[in-house]
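What follows are several structures.
What follows is chain A paired twice: with chain B in the first complex and chain C in the second.
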Partner chain A sequence: MLLIKCPICDCEGDETDFHYGGEGHIQRPTSSNPDKVGDEAQRDYLYVRKNPRGLHSERWLCERGCGKWFHALRDTATMVISKTYLITDKPPAELKKAGKK
Partner chain B sequence: MPDLDRNLALSHRHQEMENQALGIEMSERDDVGMIDLRGKADDKAFMKNAATVLGVELPTDPRTSIKKGGIDILWLSIDQWLITTPLKSHDKTLSALTKKLTKNHALVCDMSDARSIIRLSGDRVREVLIKGCSFDATQPDFKPGTVRRLLFAEVAALAHFVDSNPDVIDLYVFRSYANYVWEWLLQTAHEDAGVGLFQVQDAPVV
Partner chain C sequence: MQKYSIFTLARNAANYHKGWGLAWRSPEPKSEYDIVIIGAGGHGLATAYYLAKRHNLTNVAVVEKGWLGGGNTGRNTTIIRSNYLQDESAAIYELSRSLYEGLAQELNYNVMFSPRGLFMLCMTEHELRGFKRHAHANRLSGIESRMVSAEEVKRKIPILNVSPTARYPLLGALYQPRGGTARHDAVAWGYARGADNLGVDILQNCAVTGITRRGGKVTGIDTVKGHIKAKKVAIVTAGSTTLLGDMAGLKLPIESVTLQACVSEPIKPVLDVVIMAGTVHGYMSQSDKGELVIGGGADEYNNYSQRGSFPAIEHTITSLAELFPIIRRLKMLRQWAGIVDMTGDRSPIIGKTDVDGLYLNCGWGTGGFKSIPGSGLVFADTIANDRPHPIAEPFGLNRFAEGRLIDESIAAGVAH
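For the complex of A and B:
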């Protein structure tokens, strides 16, 4: 069972007090004209997800605290959550660094 | 607007209480109405206007509450508060808040009949609470005034620590779950179902 701490309300609880929201920082292919968005870009946005061994950015909902979404950096090998940050924050530097390996 | 002789979710359960052997006292609160207030805590005009009506500033620290007169203001989120008001002055508070906050980006909503409040009191209240959720109610920072949302007996609930010595905790549950939670409490808070966590225990016989 993961122990998670919400960065907004400082509520610490186990996994069942939170709700998993999938991978973080997924961007919709932007275009004012939908015809210009290729099938591959749309497919990647909808279905293709990273499956790294190591740092993974994911979204969590603080269901029994403040009811807000936030991001967490979890190591998929050790299950250690090294960092939590706000939902509007950009991907932290360590995530980019881990992706380049 | 809550009806003054409204039909409470648990009004039919009170008469059977005399035959129950419980380690705590429990009853449904029938004397308060509830107002859901939403707005941004960093919006100074909103905070000021809300404070003017309520007579006290909205609490901004997580999981805290403030009591002013008969009104309790419970922190629910960074942009949400639950206000419990005495039933008699409920309409007055509700309309005053609505009127004062019309020009602010805010929401005032009467939630009096959405939830039921079960008041638990007695020395074994914390013990009953920890049987139903993963939250550790024995920790010292769980003191009067604290508000905590819980997954209690598998349903969404909110615990408001009202008083200590003896402990008094208000348990807010959705009205449709009230009967189930009451039933659950009758079993769990039975006087023979104690775990003796907060009393001196005899050394085990060797």
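For the complex of A and C:
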């Protein structure tokens, strides 16, 4: 059971009070000309995931609190949530340090 | 290999069972193999077995981080069925199910395949309509599968709560008469013994630390026991596929999540079929020992811990307690979890990769056990001939870039 604290409304609750939204910081490939978005870029956006064993940046919804989305840094092996941050924030430095990709 | 039969049993009984040899060797790694398979679970061992048996390729090693059959092969709920909606899925799962029928004879190892019949309950109008479509699709694919009425289900499963006050009313079921269960460990052990006997080296406690390549071609693997050269390398590691893929620079459409299961204390026979209830996320069968084997939906978030989260198992148990009121006071003996590799369309990935000589068999998600024989057979053929087997072809990694998905995300409506 995860204990999560929303960085926006400061509500703390277990994982059933929140909703998981998958990997964070995935950008949709955009172009004024959709033909220029290749199949590989579209595949990466839709399906390819980092899926690390270790530090993982992910999105959570504060479902029974403020109703806002936010980011969390969680270790997928130990389940420790080391940080939560706003949905608009850039990926934190520790993620880049841990990430190989 | 010592053949197992009533005669060897009698002979060994006379000798107080002291004469049984080991079922497989524990060899030291050779410096080079033609083919190295990473992962000694059911799929990896079956692949090795069929490479040796059907393609005469015996200079093969299966390397395993822990012990053989110690991952998802030993952690599933052993359900076997093939009543999938899409033609591609029906083909590979029915191949697999039909191979299970003769597997004990083929391997000379009792895998306890028990085609006891499998019911997928319909509890909403939409589910009923969806499963009718399944039944029609299955009939077109030549799979024996049909709809049965709620009365018939109740006759077959008296312990099922069909009261009109139940949270979800029973409307009928999709029935596969030759679906059922098998002994999961025995499937791994049988394939291991068969492969070992044909000359395949099974290297346990030999974690892979790297996949070496030169000029876009695979050259071998680094392991904790040293470098092993190989002409072909196959990754068959389920939940750890991404970690192996990273070693070879593959981009994979996979997320690893936990799938939990549990067994109750043993009780007298109450359930002689397999029950799956997709609407409420639970399934159950009774083992030969009398334990109720229970599973449900996968956990929500990425997880490599092999433990799982309490809300998921609570959800499964509450659903099944509603369906089967007599189990409410049963104690659970064990609970565990495996790491399943989920793809975007909930269908597996079988075939070649962009790296020459590197093959991939993964993404079975929650449906890995039932597909072991078929997956091993078509993957062995794919590796041996360096082109996808016709049944494996639709499951290539390229389908995600081509947008040609094989959508089975509602195949069970529940982890299966």
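Some observations on this one:
Throughout what follows, the second predicted complex is superposed on the first by the 99 of 101 C-alpha atoms of A that agree within 3 Å, B and C clash if a C-alpha of one lies under 4 Å from a C-alpha of the other, contacts with A are read in each partner's own complex, and residues count from 1 in each chain.
Throughout what follows, a residue touches a chain if its C-beta (ideal position, glycine included) is under 8 Å from a C-beta of that chain, and two chains touch if they have at least 3 such contacts.
Small disclaimer: the values here were computed from a predicted structure and weren't measured.
In the superposition on chain A, A:Cys66 contacts chain B only, with no contact to chain C.
Once the two complexes are overlaid on the shared chain, A:Arg49 sits against chain C while remaining clear of chain B.
When the two structures are aligned on the shared chain, A:Thr16 is found in touch with chain B and with chain C. Put chain B and chain C next to each other and count what each touches on chain A; the higher total goes to C. Residues 14, 16 of chain A lie at the contact with chain B in one complex and at the contact with chain C in the other. Listed in rising order, the residues of chain A touching chain B in the complex are 8-11, 13-14, 16-17, 63-68. Residues of chain A touching chain C in their complex: 1-2, 14-16, 20, 22-23, 39-40, 42-44, 46-53, 56, 58, 74, 76-79, 100-101. Taken together, the chain C residues at the contact with chain A in this complex read 240, 242-243, 246, 251-256, 300-305, 309-311, 343-344, 400-403.
Taken in their complex, chain B has these residues touching chain A: 62-63, 76-78, 80, 134-135, 148-151, 156.
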